[in-house]
Structure formats: structure tokens, C-alpha cells
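Written out below as C-alpha cells is the structure these notes cover.
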Amino acid sequence: MSKIVIGVMGAGNLATPKNRELAYQLGESIAKNNWVLLTGGRNVGVMDAASQGAKAGGGLVVGVLPSNNLAQMSNAVDLPIVTDLGNARNNINVLSSQVIIACGMGLGTASEVALALKNHQPVILLDQTELTCQFFANLAQDRIFYAETVAGAIALVKKILQDLKYRIR
Amino acid sequence: MSKIVIGVMGAGNLATPKNRELAYQLGESIAKNNWVLLTGGRNVGVMDAASQGAKAGGGLVVGVLPSNNLAQMSNAVDLPIVTDLGNARNNINVLSSQVIIACGMGLGTASEVALALKNHQPVILLDQTELTCQFFANLAQDRIFYAETVAGAIALVKKILQDLKYRIR
Amino acid sequence: MSKIVIGVMGAGNLATPKNRELAYQLGESIAKNNWVLLTGGRNVGVMDAASQGAKAGGGLVVGVLPSNNLAQMSNAVDLPIVTDLGNARNNINVLSSQVIIACGMGLGTASEVALALKNHQPVILLDQTELTCQFFANLAQDRIFYAETVAGAIALVKKILQDLKYRIR
Amino acid sequence: MSKIVIGVMGAGNLATPKNRELAYQLGESIAKNNWVLLTGGRNVGVMDAASQGAKAGGGLVVGVLPSNNLAQMSNAVDLPIVTDLGNARNNINVLSSQVIIACGMGLGTASEVALALKNHQPVILLDQTELTCQFFANLAQDRIFYAETVAGAIALVKKILQDLKYRIR
């Protein structure tokens, strides 16, 4: 049986310190649960912070890069997937994760949440504004989950993974 | 010099009759302005209605299909681009259009608006809810335009095309 | 019914003068037969020469670009499809063409011939070496055609298009 | 520093028993060298045999799937990358591997060898015909290596990895 992969998506250059802090904790918790972390692989923002956290937690980090080389990869990535697809790689990020956690929001993240839900993948919106939650809730009634804290998000991941319809597909 | 291509994006199976009606009129107006219409190419919803309108208006219709064949293509498409990329083709839709008009909203459309703005492409939100406008306005301050009517959207397209920064890139 | 699209693939920067000459004639003949020309869209080699020929012949030219902008586009392209997929766009080139003509050979062209045959698309090898013909013939017994001249290639396209199994799919 | 990833490419449904046997041994040797194995991820041919060998050798197996689900995945894959890109995923296979070994030949494999060389990635042709070696040698003079045996291929991988120009990019 293949490993459990949890995707953490969020702003890149525009990430706030709080986004990065939550992402780091998410990465660390994902690693401690023996799940693989998957991110967009770059050395900025939520991608980088989550990867650093997972590394600190002793986990495995997959980075799905938009470019055709490793120049802008987070140094905490263990396994770079080099796509050369630009933002089209966002669809791979969400298809390859059993659960997607959106930590912070940006245009790339918004596309990933939309693509995840379009592909019937479960998405946890972590510490998002009322507006963001309402926008996505209007477009997809099930498969969206909401968490205020990292602990809450991790608890949701466990619940989703236990739910048979997400484990066996 | 290459042709001017206007992308019309919107809900597929879940499109409302009003979405389809506006999309048809958009397609027709785009054709009458001698612009090429680009859509996601399928035979449902806004994609199909816009294509039928452009056909009726005597225009050229490019359909960027997610599949590897023509089985679900709108019969109003003149030029199918067969991608076999699934929803990753959404990034091509927005990169290949000089202006993107979102008519109706769905998860695919939301990903396209986000990807368009991420790629610095101008987007017109046509007849959208306050919530949708606010969600995207928070993520990208310029490059978003709002229209209530088809005539308003077409006027915005003309204005955007005249704007030098979008004509010469 | 959608337009007939003929793809011409071949070397870029490494194209020989003969490759370019044949490509120009191919483009011109494709246009004169009222078929649409599809190429990789760049301003070099076979892509550019075929596009210039089709333009001279009064045809429509679709250029499927690997980049996310128009900077390296052939100025004879009417309809740029901007993919930002790098060489992964080669698969779109061959899926979107009813018949693929390989004029000259290079690594990109070799990948396109292989992908075309893999996708059960008909391929005409124009003016290729014995070695190249033998290599691909060993991998795919049907769907490969051989031509020595542009006139021969165009005659083969007509024959393939008339063949029911390629017209109705 | 990220892990070393070795890609093994080869025929799927059309693989011969010898192709599968060599692929199994390759997978096992790759694992025993503490390299990660990357394949096209499906449960047939060279992809599956290499994955089974790496699993038996205690290694980590990345499978880059063409589909949008796990239905046809080799059960020896640890980390599925779900692309929904069809054959366009071949470009990811070769970009994400430090060295590519072609074991057996088919249309997909031919496209991968061509795309790898196009992207300046080193390729080892294992147990290939004279014709195949000659075809690719004509298109790319450096970056191609030839091996007759699995031990020979593994020795070449070590040599390539030691070569500075491939380690630091």
C-alpha cells in the first residue's frame, strides 16, 4: 500500500509570518504522524515553511516544482518532482495528495483549492477569512472542512483518512 | 500580427439558463468584433453556449479540450485543441486569451480566474455575486474588471485591448 | 464540423536549409488545400518555415507554444496557443492534428513522432533517412507513411483523410 | 540535499520477459544503492517489474501516473504522483530523474529517451538494438551511454553521478 500524502498549499512570496508559522507547525505534525508532506516545492512562503517543519519532524518532503530545474527549490525538499508545467502543476499537487490543507491564501492557492474540489479531493481551509470560506462553500457543499488551529487541522486529516470513502478509491 | 483571442469561461453542467444566455450573446458579440472566441471546448454550459453564439455571429471558435478525443466537443468548435491534460488545460485557456470573461461561476471557472490573475492576464467578471467579486478583488487589485451586461463586458474588452500594456507584451 | 488540421513537426535551431525549404512548401500546400497548419509555433526552423509558407498560401496557422508568452513566436502564426508546458506541449501538437508530417528530425521531432504513434495518430515521415524510417517502423507497424517529396506527402494526407477510420473518430 | 532519483523507462503491455527480468534487477540494484526509483507507475511491463525489484530491495518507489486515479498503479509504488496528463507526463518522468535508464523500447519509451536528451538529461540505453542506439546517437552525441548488463548500467549511473556536471545543476 502506498504512503499517505498530505498536501499543504499557501501563498509564496506574499505569505505572512503567521502563514509561515502555521505552515511550519503543519509540516512538523504531518511528519510526526508518518505522513508524507507534498508542497509546490519552492523556497518561499508556505511551501518552504511547511517543508522545513516536516524536515525538522523527521518526515519525507515531496516538492512538485513548476520549473524545469532545481534552482528555486526549498532546501528541505527530499524528492523534487520537476514538472516544467508552470502553474499547470497545481493540478498535480492536489491530485497527488489524499487531503489538501490551504494555509494562507493567494491566487495560486485559490486555484489549488478550486481544482482540488473539482477533482473531488477533500480540502481543509485553515485559518481562513469568512469571505474565503463562504466563497468556496458556495461552490462545493461537501468535501470542504474548516479548522482554526493546526491541531484542529490534523484532527480533521485523521478523521478524513479514517472515512472509508477517502481511503479506498 | 496574430489574431485577438477572447476567452469565455464559466460553468459546465451546472450552468444556469441565464449563464447560457449571456454566454451566447458574448460569443455572438465577440464574433461580430472579429475576435476569435476561445473556450474549454465541451458541449455543455457556458462553453457550448458561447461557441454557438460565436458560430451564429460568423466567428472562429477555438475549443481547448481536456480529453484526448473529440467525443464531448461542442459542435460549434472550429478548431479543437486536444490536450489530454484534464483540468490542467485551464492554464492554457487563460494564457492563450488576451482577455478572459468569467460568465457564471463554478470550481473550474474559479480556478481559471485565479490562474489568469496569477499570470497577469486581465479578467472581466460578468454578472457575478458581490461575494465572488470581493474574493478575487482581495487577491488581485488590478487586472480585474466588473461588468453587469454583455454590452458592458464588450466595452471593457475594447478598452483593455486599446490599453498599450495589454496589446504589446 | 471542425476544420482539418495538419501538423508539421521538425527541427528548430538545427534545421537544415533543405528542411526549411520542404517545410515552406508543405505549409503553402496545406494552406492551398484549405487545411489549417499546426506547428510548435516558434520563430525558428521547420516551425517557422512551414508557418511562413502557409501564410504565403493564404492559410490559417496555429502555433502551440512551449512558453508562457509570445516572445519567440513565428510572426506567421495567426493563433498562438500559449501552453507554458515546455516540451510537454509536444503531446498537444500531435493530438490536435489529424495527420502529422515529420519534416527533418531532431529530439523534439522524435518525441512527437513517438507520441503521435502512441496516440494512434497517422504520421508521414517526409524525406527521412532509412535509419529513422526503420526505427519507427519497428515500433508501430500501421499508421506510418513515407514520402519523398512534398507532393507525395500531400497526396498521402488526402488519402488518409479520405480513409473513414481517420475522419470519424 | 535531496535524494538521488533514477528513472527506469520501458515498454508497458508489450514488454518481453527479458525486459521485465532486467527491469526487476535494475530496481533491486537501485534500491540497494539507496537511490529512489522513479517509473511511469503503472502495473504493467518494465514500470511494474522495476518497482517490484526496488520494493524487494527495500527501496523507495515513485510512480508518475498518467491517469487521475490509482486504479492502474503498480502495487509496489510507495509514492504515486497523480498527474492526469496522459503521455505528457513522460516529460516529468525524465526531468525528475538524475539518470534515465531505458530498458526495452516502445513508443512511450522512445518519447522519453528523446525528451530526456532534449532536456540535457543523461540516458543509459540498456540492452538495446544497434538500430536504436544508432538512431539516438545521431540525434545527440553526448549524454547517451550504453550498457549490456544491469551491472554495467549501475556502474554507469555511479560514474555519471560522480561527474560534477550532473551532480551540481
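Chains: A, B, C and D, in written order; residue numbering restarts at 1 for each.
In this section, a residue touches a chain if its C-beta (ideal position, glycine included) is under 8 Å from a C-beta of that chain, and two chains touch if they have at least 3 such contacts.
Because the structure is predicted, anything quoted here is derived from the model rather than measured.
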Check: Between chain pairs C-D and A-C, which one is joined by a greater number of C-beta pairs in contact?
Finding: C-D
Item checked: Most remote chain, CA-based centroid, reference being chain C -> A
Check: Which whole number of Å gives the spacing of the CA centres of chain C and chain D?
Finding: 28
Notebook entry, point to check: Using the average of all C-alpha atoms in each chain as its centre, how far is it in Å between chain A and chain C?
Noted result: 40
Check: For chain C, what residues touch not just one other chain but two or more?
Finding: 68, 84-88, 91-92, 119
Note to self: Using the touch definition from the top, list the residues of chain D that touch chain A in their complex.
What the structure shows: 1-3, 5, 36, 62, 64, 68-70, 73, 75, 77-85, 91-92, 95-96, 119, 169
Check: Mind pulling up the chain A residues that touch chain B in the complex?
Finding: 85-92, 105-108, 110-111, 114-115, 117-119, 131-132, 134-135, 138-140
Margin query: Can you tell me which positions in chain C touch chain A when the two form their complex?
Written below: 68, 84-88
